[in-house]
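Below: one structure in structure tokens.
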Amino acid sequence: MSPLLEVHKLSRFFGGLRAVNDLSFTVSSGEIFGIIGPNGAGKSTAVNLVSGVTKPTSGKVRFQGTDVTGQPPHKLVQYGLARTFQSTTVFGNCTVEENCRRGSYLARYPGFFHSFFSTSKAGEMRQASDSRVAEVLEWLDLHRVRNVRAADLPYGAQKTLGMAISLMAWPKLLMLDEPVAGLSAAEADNVRDTIRKIRAEGISVVVIDHNMRFMAGLCDRILVLHHGQELAHGLPQDVLSDPNVIEAYLGRRYVKA
Amino acid sequence: AETLRIGAIGSLSGGGTAWGLAIKRGAELAIDEVNQAGGLSVGGKNYNLELLMYDDQYTGQGGKTAAERLVFQDKVKYIVGPIGSNPVLSAMEVTTPQKVLLMSNGYTPKILDNEHKASYNFRFTLTNLEYAPSMMKWVKENLKVTKVGILVPNDAIGQSVAPPLVKLYQDNGIQTVVDYYERGSKEFSPLITRLMAAGIDGFDINFNAPGEAGLMVKQARQIGYDKLVYQMGGPSVPEIIEVAGQHSEGFISYEMFDFDAPSAQPFVKAYAAKYGKGIINSQTPAFYNATKILIEAIRRADTVDDTTKIRDAVEKLAGYDAGVYGPVRWTGKAIYGVDHQLALPFYVVEVKNGKPVTRAVLSVD
Amino acid sequence: MGRSTSSALIGGGIAIVAALAIMPYLLDERFFYHIAILVCFAAIGASSLHLIIRTGHVSLCHAAFIGVGAYVSANVVMKLGFPFVGGLVAGTLAAAGLGLMIGPVILRLTGKYFVLITFLFGEILRMVFVDWQSITGGANGLSGIPAPAPVFAEPKYFYALALLAATACVAVCGRILSSETGRFVNAIRESEQLTECVGVPVIRTKVMIFVIACGFAGFAGALIAHYARYISPPNFGPLESLNLVIMNVIGGMQTLVGPLLGAIFLVLVPEFLRGYVQLQHIMFGVILILVMAFLPAGVVGVKDWVARRMIPHDRRGEQ
Amino acid sequence: MSKLELRNVGVRYGNIVGTQELSLRLESAQTVALVGSNGAGKSSTLKAIMGLAKYPVGDILLAGKSIKQMPAFEIVRAGIGYSPEGRRVFGGMSVLENLKVGAYSRKGGEFEADLQRVFGYFPRLKERASQRAGSLSGGEQQMLAIGRALMARPSVFLLDEPSLGLAPVIVERIGDVLQEIQRAEQLSIILAEQNAAWALSIADQAVIVELGRVTMTGPAAEIAEDPRVQRAYLGI
Amino acid sequence: MLTNPTILGQIVVNGMSLSSIYILVALGFTLLFGIMRVVNFAHGEFAMLGGFAMYYLYAVFSLPWVAAILLAPLAVAIPALFLEWLVFRWFYQKMFQSMIGLLGLSIVMIYSALLTWDAFERNIPAAFDGILRFAGVILPIDRLVTIGVSALALGAFYFLMVHTRIGLAMRAAAQDVEIAGTQGIDTRKIYRVAFFVAILLAALAGALYGQVYAVSPFMGERPLFVAFIVVILGGMGSIPGAALGGLILGFTESFLGTFYGGSVASYASFGAVILLLIFRPWGLLGKPE
């Protein structure tokens, strides 16, 4: 597998705090790559750096061989790199369907002129994107609630919707920050299935979460961050039995459970 | 008796409110007088007078809207006010084509000097173009200043007043240092300090709103300026004394009205009876005067509708005495090309023991 | 939006415009034309400001852009001798151009910081109007600006022009908001971060909307200059900018109907009160308080308010 | 008489049902786990108890006395402590100040003693006493939210998803501390949780909520053995 | 002469006395915004009322100065509680609505004052009309007193907010009212206290302002204008930020005014705030959001 994403010696300091410190990793095409680590370890910051939300202090991000360091998020989405957020993941005030339409800017927006005069080009793009919206909603099992206001959805469905929005851009890599936080075990299983489906479409996934049952069953490889640096890295079963990881993150009782 | 409406436009909000009230009260006092005397008889009918006043918010837009409403909605034929170049100039755009008389006050020469030759406009107060030359002569002879600092607001008044004033000083061989401040400022000591640093021996606070003028007097003294403070224009000495207190001692000012003159007493009494004993804005007698002159012109023209006749009557009113300023005399031809500027006496007063004392009575050349 | 609702909207719009077009003529009083013209100006100003508000930014310098259009147009016509249309185009472009210059810088700020920076920028522009006397006539303003054509010196005919301009402006604003562009404008207001992360160039989109809105402001300014025929800095100061914001809040900030209602409200209500001379402002203040206290969503919210009153009492416990 | 009793409590948000006809009892020194999936109505139940829901129906009794019509601050003064969903610490204030706010409802001078007690449970908070709460890590904020509520010396403690977004080691620590506090202070606890495995492991009683209604209730250990629960909430 | 240190000292004192008044206005404004999310466009009018209260107490009823300066703010803030009940409480947690609604209140207050007190400016005789010469610097005593009283009020306010129970409760309510309630804080009462304190500060500022400058129905506009800038510049909700913002604005205005004249001072001080916002878009002491 060729590397899709290469992160090289990436750092971000907030004042004196080294939130991410000299971090390097690669994600291969078709891989589900997990990141875990204690609270405040720098996981979200790392995703923010890669997705352009936060500018790195130093280091490089290469996506499909192109240097994309410091590019704004909307550019990265054009390259094929999409993400969801830890908290705000959806547009609460509009319907599920509208959320997805908003997500499909790249495929849908024909430019001011075409959209203002509703040209045939605009019509074609709109139709194409509407059918893709319908497709994705069906695929992620959201079609039955497509007319529900996003804020009224159950939390779990909101998380799925967050992924649906990001998928509208047809990314090559999707980064998910805590997709199952606050979900029950059954719901987490649903999300896991969804992510597997996404991967089956050829989309690589980077995922952060504290739910170890979920992560262990999902990820091909896991990176453990601690104080902004790599603590361990490898196959899930190896990482989760690493004494350092147990000490810093999992807790002793985890081993028994 | 029928009712005859006289229009008024003035600022009842915003920076010109004191002036708007002056227009309102001056006109009301004049109208009350006529009504109490049994009304106005014109063309065999007897009219009860009524004032219809709208706010112009001290803006051009407001002046235009108020004028539109008075002229087209209320069908008023004569308007007293507004004060302030912005509202006057825009009200004029409405009134002049409709031949509505406008008795306003603004310092911009354009009020009288325009493409209509001020056909229906009159001005009842002096502007710097009228009083400044005589004042300058008096200042030059009596105050012996060589370098004068001038502070004016950066608004329509300041911009009309300062350039001719500076020229006048220069023509008289006196140097000037001018600075503009934003309206609403209260702290002038930095600007006064700057003037002092330029080595002025006279501080001409000129046409500032009375509150601000008072603060300038006070602050100049407080930061240790001990030379002359005076004003070549901008009346309202009583308010300056009120605001500057003891610091106003020795302050010399142009004054447009002598409230202590015996002839002014009936007016002052009537004002106090109706509006209380507060300070009287010195524009008030001017608009009382304007309204009385207008009413007298209507009487003489013997028509309430034909404004051209009324205008002609106003022009020919020389010698009529409304009771506060003495006989009417028109001037202005030399400057504006038309004699629609009322010539009024004016005063030089000095504050002594907290009271304004008249030092000279001057008149327009 | 379905085809049928959009054509219903267009139909309704045409009906309203037609009604507005004939209404003052039924009364045929010059003063009504004057007021109707002021409503048209306010509608252009408020609806173009509404575009900016829909991106989540409240600008307090919109009237200053109106001023830019007014002064530029007046100068182009009076000093350079162009016809009115030339002034109108120049005024529009000048305001839009200025918007394009400052937009990319100030649109990085959000919320109250944006409010403050636009307020200060508006003050600076107003001071420029006051100080640049050779162009603006300084604080005394510019007078003697010609009417667009001699017939338009009559408010009766100018009204037709103003209504046409306002309709065009509102229609364009409405079209922008209902088009795909509007979809992403709404997205930006709700969450800039999320919108950026689905690939929308947020700053660029905001700048585009800002420039269009400023262009309309300049357009309104040119019209105002050639209607009032006298312009001066206070017409374009912070109070006027604030008035445009009030129109949006009083009318309702959620839909384009809001600023239109607000424009009508803010022109007509003071006019009704004007006769009360010294009490008019107090009454106006009380009305502002009452509207905002009882219709927090603006005058547009009247229908919800009525609906709420009609809910049977025993169901109220459920809310 | 139960320490806290809910009788047919209902909360609605417009047309959306939060909870309906929800009844439960909490005895002294007991922990009840409130388990349910997303939107089941756990938070709504706790909010109703805290007086944060508008116009709830039914009745809520604390030691036999109705607290339904009381404003939140009086409910706190009556002895109920609350650690809200999403922590909601006062981000701009220091850790110490957050704890002082927690003690606001209490009169008297045992503040120092209580502070030391909370620092005893969460030594990390003592280290960070003067740090801005907003800059704490998620786990630290959760500790602070719990500590803040404890400062009021409640007799009933409501916790809304304390494990959300926390590293496993922190979740484990919080569980230990809750049990320790309960032993030491005879505290009654309602623990609303998604993380059913963890909640059932520390609770005495369990209540399963679905679509705003109680569907199952019983000793936590028994509930944990129920096959339906295992499938839906434990992922077994 | 302009580089003369005594002149500089003088400008500093004059600038500071004005800044200190603005700071008092700004503090109350920021308190109301911080705690209730209310943009009090009528704040300057409470300062105006403070000015009139001082006018009556000191100039008309001839109370001793200390009594007057203490009573004037109370004479405004206590009756204002009625306005809190009548008007303000409708606008809590509603930023835009409060802005417009309270603009309405401001209009009502100004024009009622105009009806009552007329438009002319009134003077409150100076209580301390002397001049102090200190190392060659001429210092008007009334300015020093203004600075002193403002500093005391600022100190008292800071103490209240940071070191008292009620201040703690106010700060907590400012961050999250709902949660403050669940920590045992009676937020309705806290709102009323915060309102009272804010109005007290505004009225005190008005009393000082009225004595140093003059009293009239329109006197509140300028302080509000400056407070609006100061508060956002300093970082909304930050006490030291408001103090710092007020000082900076006062100083730039007086220094630039002295060295470069009035219009440069206006352009430059606004331009400086604009630049500051561009490079620090969250204000001086505010935190990035």
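We just call them A, B, C, D and E in the order they show up, numbering each chain from 1.
Assume contacts are C-beta pairs under 8 Å (C-beta built on N, C-alpha and C of every residue); 3 or more make two chains touch, one makes a residue touch a chain.
Note that the structure is predicted; figures quoted are calculated from it, not measured.
Enquirer: If you walk from chain to touching chain, how few steps can bring you from chain A to chain B?
Expert: Graph distance in the chain contact network comes out at 2.
Enquirer: When I count C-beta pairs in contact, which pair ends up with more: A-D or C-E?
Expert: Ranking A-D and C-E by C-beta contacts puts C-E first.
Enquirer: Average the CA atoms of each chain to get its centre, and name the chain whose centre is farthest from that of chain A.
Expert: In terms of C-alpha centroids, the chain at the greatest distance from chain A is B.
Enquirer: In whole angstrom, how far does the Cα centroid of chain A sit from the Cα centroid of chain C?
Expert: Result: the chain centres lie 41 Å from each other.
Enquirer: Counting in whole Å, what is the centre-to-centre distance of chain B and chain E, each centre being its mean C-alpha position?
Expert: Chain centroid spacing, chain B to chain E, equals 35 Å.
Enquirer: Distance between chain A and chain E based on Cα centroids, please, to the nearest Å.
Expert: The separation of the two C-alpha centroids amounts to 48 Å.
Enquirer: Give the residues of chain C that touch two or more other chains, as numbers and ranges in rising order.
Expert: 127, 131, 278, 281, in rising order.
Enquirer: Counting only residues that touch at least 2 other chains, which ones in chain A make the list?
Expert: Residues of chain A touching two or more partner chains: there are none.
Enquirer: Spell out, as numbers or ranges, the residues of chain D touching 2 or more other chains.
Expert: Touching at least two other chains: none.
Enquirer: Using the touch rule from the top, collect the residues of chain C that touch chain B in their complex.
Expert: 29-31, 34-35, 38, 127, 130-131, 133, 138-141, 143-144, 155, 228-232, 234-235, 271, 274-275, 277-278, 280-281
Enquirer: How about chain E: which of its residues touch chain C in the complex?
Expert: 87, 90-91, 94, 96-112, 114-115, 228-229, 232-233, 236, 263, 266-267, 270-271, 273-274, 277-278, 281-283
Enquirer: What does chain D use to touch chain E in their complex?
Expert: 50-52, 71-73, 76-77, 82, 84, 88, 90-93, 97, 100-102, 104-106, 148-149, 152
Enquirer: For the complex, give me every residue of chain E touching chain D.
Expert: Listed in rising order, the residues are 165, 168-169, 171-172, 175-176, 178-188, 287.
Enquirer: Under the touch definition given earlier, write down the residues of chain C that touch chain A in their complex.
Expert: 175-176, 179-181, 183-184, 186-187, 190-191, 193-202, 208
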